[in-house]
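The chains carry the letters A, B, C and D, assigned in the order they are written, with residues numbered from 1 in each.
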Amino acid sequence: MTLLDHLFIVVFSCLIAISVVRNLPIVDKLAPVLYGLILIMLVRMASVAYGGDAYLSSFSLDLLGFKMHWQFTALSWYFAIITLVAALASAVFMSGDWGRQYREGGGNYGMLQLALIVNVFSMILLLGSGDLLSLFIGWEFVSWASFLMMVLSPSKLAKKSAVKYIVYAMTGAMALMVAIVMIYAVNDSLEFEQISIVFAQMSGSSQVALVLLLFVAFAIKMGLLPFHLWQAVAYAETPGPGAAFLGAISSRMGMFTIVLVIVQFIGLGGLKSVGTSFANMQTLLAWVAALTTIIPTYIALQQHDAKRLLAWHGVGQGGYMLLGIIMFDSIGSAGGLMHVLNHASYQAALFMTVVAVMYRTGTSDLNKLGGLVTQMPLTFLVMLIGIIGLAGLPPMNGFVSKWLVYRSLLVNGQPLLFVAAVLGTLGTILSVYKLIHNTFLGQLRLEHQNVREVPWSMLVPMLGLSVIVFITGFMPGLILPWIASVQESVGLPVIAHHLGGIEYAKGGLDMIWVSGILFYGFGVGALIFYFLGGKSKRVHQYDNYAGGHFLTSDVRYHYSNNFYPGLMHLIGTWYRGSFQWLENSIVSVMSFFSVFFENIYRAKQPVMLLLIGVVLALLALYRNLGVGA
Amino acid sequence: MKKELKIKQKERTNPLAHVFDDFIRFCQSKSLFMLHYCTGCGAIELPPAMTSRFDMERLGIQPMVTPRQADILLITGYVSIKTLKRVILTYEQMQSPKYVIGICSCTVNGGMYWQSYATAKKLNEYMPVDVYIAGCMPRPEAVMAGLQRLKDNIRNDKKEHKGSAWKDYFKRYDYYLGNQQALFGEDWQTPTDIIAEAKLYGLETEETYGKHTKLLEKHQTPLLPQEMRIK
Amino acid sequence: MNKVQIDEILNKVNGIKITHKRKTRIRVDVDADSLPTLLELIKGRASYIHLSAITCVDWIADNQFELVYHVWSYEEKCLISAHTRIDRGSEKNPAKYISVYDLFKPADFFERDIFEMYGVTFIGSPRMEKFILTEWNGVPPMLKDFDAEAYVQETFKWTDYNPDWLQELTDQGGGIAVKPEDIRTAGNTHNMSTHRERDKAKAAAVKANDKMQGWKQ
Amino acid sequence: MNALHLMAELIFMPLIAFIVGMMMVLMMRKISARLQRRIGPPFFQPLYDIVKLYGKDTQISHGLIHDIGIIMAVGGYIGAEILLPVPGMEGIAAKGGVITLSYFLMIPSLGMALGVGQCANPNGSIGISRALTAMLAYDIPFILVVFGAAWHYQSTSLIGMIEYQQVHQWGIVEMPLLAIAGLFALQGMLGKQPFEIYIAPAEIATGPMVEMSGKYMGGLFVMQTFQLYTAGVLYASLFLGGGTSFLTLLPKAFLVVALPMSIAFMFPRYKTEDVIRILWKWPVMLGLISLAFIL
């Protein structure tokens, strides 16, 4: 029995335990403990993240003559620890008052708990995959587990978006399966190492097909352009902490597989060999990433629902990860990988703040909120830290990973990609300011005069996550060893790091200095403010300049609707024109497939049916191709 | 001559405090931001005073837009009762030290509108006025002279006590409030809590309170600031 | 439409008196009862579709209000001013008249104004409430029996302005000819009921002052 | 770098920036006055304004975030000044680079935006919405300029860039188009006349400053001095060869600020969308052409 076996056993027994007690009150206390237990198991495996050997599982499974086995590398561990921290935070968040309110509102709380542990289980399964078949099985599990969580919301839109998601996911799974079959058809083996061997043997057009199939499969999960349309709505409609969990890590499974398969086994040489010298696969993927940073960000700018806005940013931030990793150098890939953790930390925190606001006010519509900072100051603080991270400003962790990506683009001489990345960041700044302004700043509405801060059960995970956001920004050296091990394990150049940041020949980054200077500046600013100026007096929000008008509560004196009219005037037409057209065309293609898949979905036991279908299709394809070959 | 009102303020023991105060007063006299509340025809005399012919900026006087930023409130003409409410709101929103200049005869005694039931006659019944510039209308030279007088008043405030009329509003709030209530009715209130400000900045005297402030307290819907609270 | 035609239309109203002032101006005097009929007639039959104003005159001696409806025709380029008189009412029983809001929508505005300034209630007008004088709680201020000057004297205080240089001038026999306070207090306003008497008293004060100062001679 | 040197840099770099910045504010107001045939303010006017604002007897605050916003606005710039190398003081500046610096310059905007948001005045929010949109507009050419300069000098450190220019030629000679694009971006960054829609005194009551009074306004005045100084010195370091001493650096910095100002006061202002349009069209085009030469 290895540690990995222990991990799987623990996760599986947690799954069983929670599914048994899910409708009992004890689940509130049990679930966080169980996630903590899994986390401890992971921490015991931490040596893998500091350059240790990968853990192999001692058992393997024979399925129709294929041998499946599992392993835990630094890459798996890195994603697993993010998953578990996100799950733990979500579990704590939902365990107290939020869960009570959710139950009272008619929500199926037991199912939500079950969905969370199913998600964790399937993700661990995927992260531990040791060959292409176990990867595929894990992939299917993850898709259906996310679906399970998405359909929990009673709203019609949520159901619709979940179905939309599963249609996309199945398309991706099909693409992945075809790619696996292509690999299998050459050498009769499903080991990961076969990918690079097979890839080298393939003809040019097969290479293009293989890379595209793999990329489509992973891009759909990650929500990269042009497969991004399912994600935002589906995540935004997921109930409360579920959205935080999914938004933080679920779609990053796509990133995991991209790193595992495309980066590790196809590699820079493989990508560059595909296509012409002017536009090879690397260029294509880089531009997909760049457009993914820009377009979803500017769609997010138009949202007036806080959860949707965040979900769209989740899509957009995926672009940075790919943009970093696709540069294939030490700093770029470190930036891309680190952004996964950074993004997970602040995205979960931000989703939780929005859910906290919803918990108290009942709405996440940005046009119906405002001025809550006095009522919910700690939630405001978390959101502030979160948006500074999301916007990528110092001293939060988002800055570090974005800095690494920028630096890599600069070193590689990619001005257009650089501008695209900056465009995404600026759009994010605009959008997150709108988020925090419309929720917490501005005028407090009359009906929110008695709103209180959320209970500690919700505050603790939010604050904990924001501490992570700050600490990993202040001392990125805590994370960078993990990144370095991941880079080593997937064969990328390894980054030189220290506690404060990275060392690099042409100008490194030391966040301890940067944060130190920033806080010194704030300190001096505070000294000037508090000691040089006179005593200040707090006034009521109605004691305000309005051209001599007397303000009353019945007339709103607040600016929230259509927050960036100038910009929207300029880009709104593009949005209405091209983006809508793109969405419509993709949706119509997808709906063509969905006629078939919906029938499966409506059947009684979808998971079993699908698994059978998948295996049958796999076999059929294998035979066909095998005969052909 | 009015009797000197004692304010409840602790003595400043720091020997440098007076030097410091003098310096700040000097800077205050050198830098005046004005908010022109263009109530009447006198406003037309301000553009020439600001632009190249007279150039206020060389005296350190600049136009500003909101009462929060401004030091001087220029009332440039007749003040109807309805406007007076807004003028008082604006005046209370300004940050002390603040100065009021009444331009045109209308602010002195109602001017040509003296018989009108709808205009206020004597501006310093409702707020302390530092300088009146009479005339119908005063020429820009007169406006400049008035502003120069105000600057001198501020600089020589320590000796002549002419430059701190704004303190009178806090010290004798009851008097001003009484006059305001006589016009606007007894449920008159502004969003700014003058009494709290007087308390906070140590400007309250026995005449800050009186029967009018009692009346105010009775009718006031308190506008307390939203305090941050964690629980 | 010539003079004869318009007269023909107007004459359908009982007891009307038509005066053609100019080519573009017709004055008609009608009874209070017939005024709405008249307005409806000229609106429907003679293209007078624009109610440009309603004015009110306080004939205090006759105990009447005169209401004047100015109606303009864009086609005829002619203004009909329909005069009518209504009872002035009293403080307890204020004047009432019928609203023409359903004929001319802008009447809302004018009627509200007259209601505020003269206290005439227009029955059927949609918003008979305060309009411009939101701070005013006294009697309607345009009434002839409202003494604005007395009100001002009672309500407001005055700035005394007597600087040294003026004192010097006065000592030398110069100074201000008619002092403002003399005009204000000329004739004790509280005892007099009408403006005319007070104006006389004021003029007398000015004259006396002039003589004293030796002006105009 | 010993502790004394460190202390000296931490204290004197912002102080120099403040004093030079006040002179730049004076110069700006003098230029505006001269162009309008006025005399303009006296020499110490910027100082008088700031002292007066800090010395106000009563000050109002709309809440804690209002205070923190101003602290962030001033503090972010103080941090940025320390990262901006000047002759003789480049120890700490070596720790950051031009990317870090350009991110530091966004923190004051964010701080001010937060402070203004707490004021609960829609005029302020409208101003911030416009200011952030303007930031989106001028940062694209600015980032192109930074990229081009960093690529050309093969360094992201301003110190390295200055050294390169001291040895070789000035950046403006080697990359004239990029320098012009940079000047455009600078104009937008300073928020002066053609691009000052977010202040718009007559329409939105000075936008972000609407509720700022006393020391809050004073903080913004201090911020303005830093802003002018940063713009001048940064541009001089990027394209005009920096300086070996203050005597050679400061005239360049003053020139850099004076040039856009002289043009600025002859213009009316653009609408928000036109700000984006013009800044994304001409300077970006110039920058891209220039990058094509450099790369």
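Here is the rule we use: a residue touches a chain if its C-beta (ideal position, glycine included) is under 8 Å from a C-beta of that chain, and two chains touch if they have at least 3 such contacts.
If you're wondering where the values come from, they're calculated on a predicted model, not measured in any experiment.
Trainee: If I average the C-alpha coordinates per chain and also across every protein chain shown, which chain's average lies closest to the global one?
Mentor: Chain nearest the overall C-alpha centroid, as shown: D.
Trainee: Busiest chain-chain interface by contact pairs, anyone?
Mentor: Greatest number of C-beta pairs in contact occurs for A-D.
Trainee: Approximately how many whole Å separate the CA-defined centres of subunit A and subunit C?
Mentor: Taking the average C-alpha coordinate of subunit A and of subunit C, the gap between them is 75 Å.
Trainee: Taking the mean of the CA coordinates per chain, how far is subunit B from subunit D in Å?
Mentor: Taking the average C-alpha coordinate of subunit B and of subunit D, the gap between them is 36 Å.
Trainee: Indicate the whole-number Å distance between the mean C-alpha point of subunit C and the mean C-alpha point of subunit D.
Mentor: Whole-Å distance between the two chain centres: 62.
Trainee: In whole angstrom, how far does the Cα centroid of subunit A sit from the Cα centroid of subunit B?
Mentor: 57
Trainee: Subunit A: which residues touch two or more other chains?
Mentor: Answer for subunit A, listing residues that touch two or more other chains: 371, 373-374, 377, 444, 535, 537-539, 541, 543-545.
Trainee: Residues of subunit B that touch two or more other chains: which are they?
Mentor: 66, 68, 85, 197, 201, 225-226, 228
Trainee: Can you tell me which residues of subunit C touch two or more of the remaining chains?
Mentor: Where subunit C is concerned, no single residue meets two or more other chains.
Trainee: Can you list every touching chain pair?
Mentor: Applying the touch criterion to every chain pair yields A-B, A-D, B-C, B-D.
Trainee: For a test of understanding, state which residues of subunit B touch subunit A in their complex under the given definition.
Mentor: For subunit B paired with subunit A, touching residues are 37, 66-68, 85-87, 89-90, 93, 190-193, 196-197, 200-201, 223-231.
Trainee: For subunit A, which residues count as touching subunit B in their complex?
Mentor: Subunit A residues touching subunit B: 371, 373-375, 377-378, 444, 452-453, 535, 537-545, 548-551.
Trainee: Mind listing the subunit B positions that touch subunit D in their complex?
Mentor: 23-24, 27-28, 30-31, 51-52, 55, 57-58, 60, 64-66, 68-69, 71, 95-97, 197, 201, 225-226, 228
Trainee: Give the list of subunit D residues in touch with subunit A in this complex.
Mentor: Residues 10, 14, 54-65, 67, 70-80, 82-83, 92, 95-97, 99-100, 103-104, 106-107, 110, 113-114, 117-123, 125-126, 128-130, 132-133, 135-136, 139-140, 143-144, 147-148, 150-151, 154-157, 160, 197, 205, 210-211, 214-215, 218-219, 222, 271-273, 275-277, 288, 291, 295.
Trainee: Given the complex with subunit B, which residues does subunit D contribute to the contact?
Mentor: 29, 33, 36-42, 44-45, 47-49, 51-52, 55-60, 63-64, 201-202, 205-206, 209-214, 217
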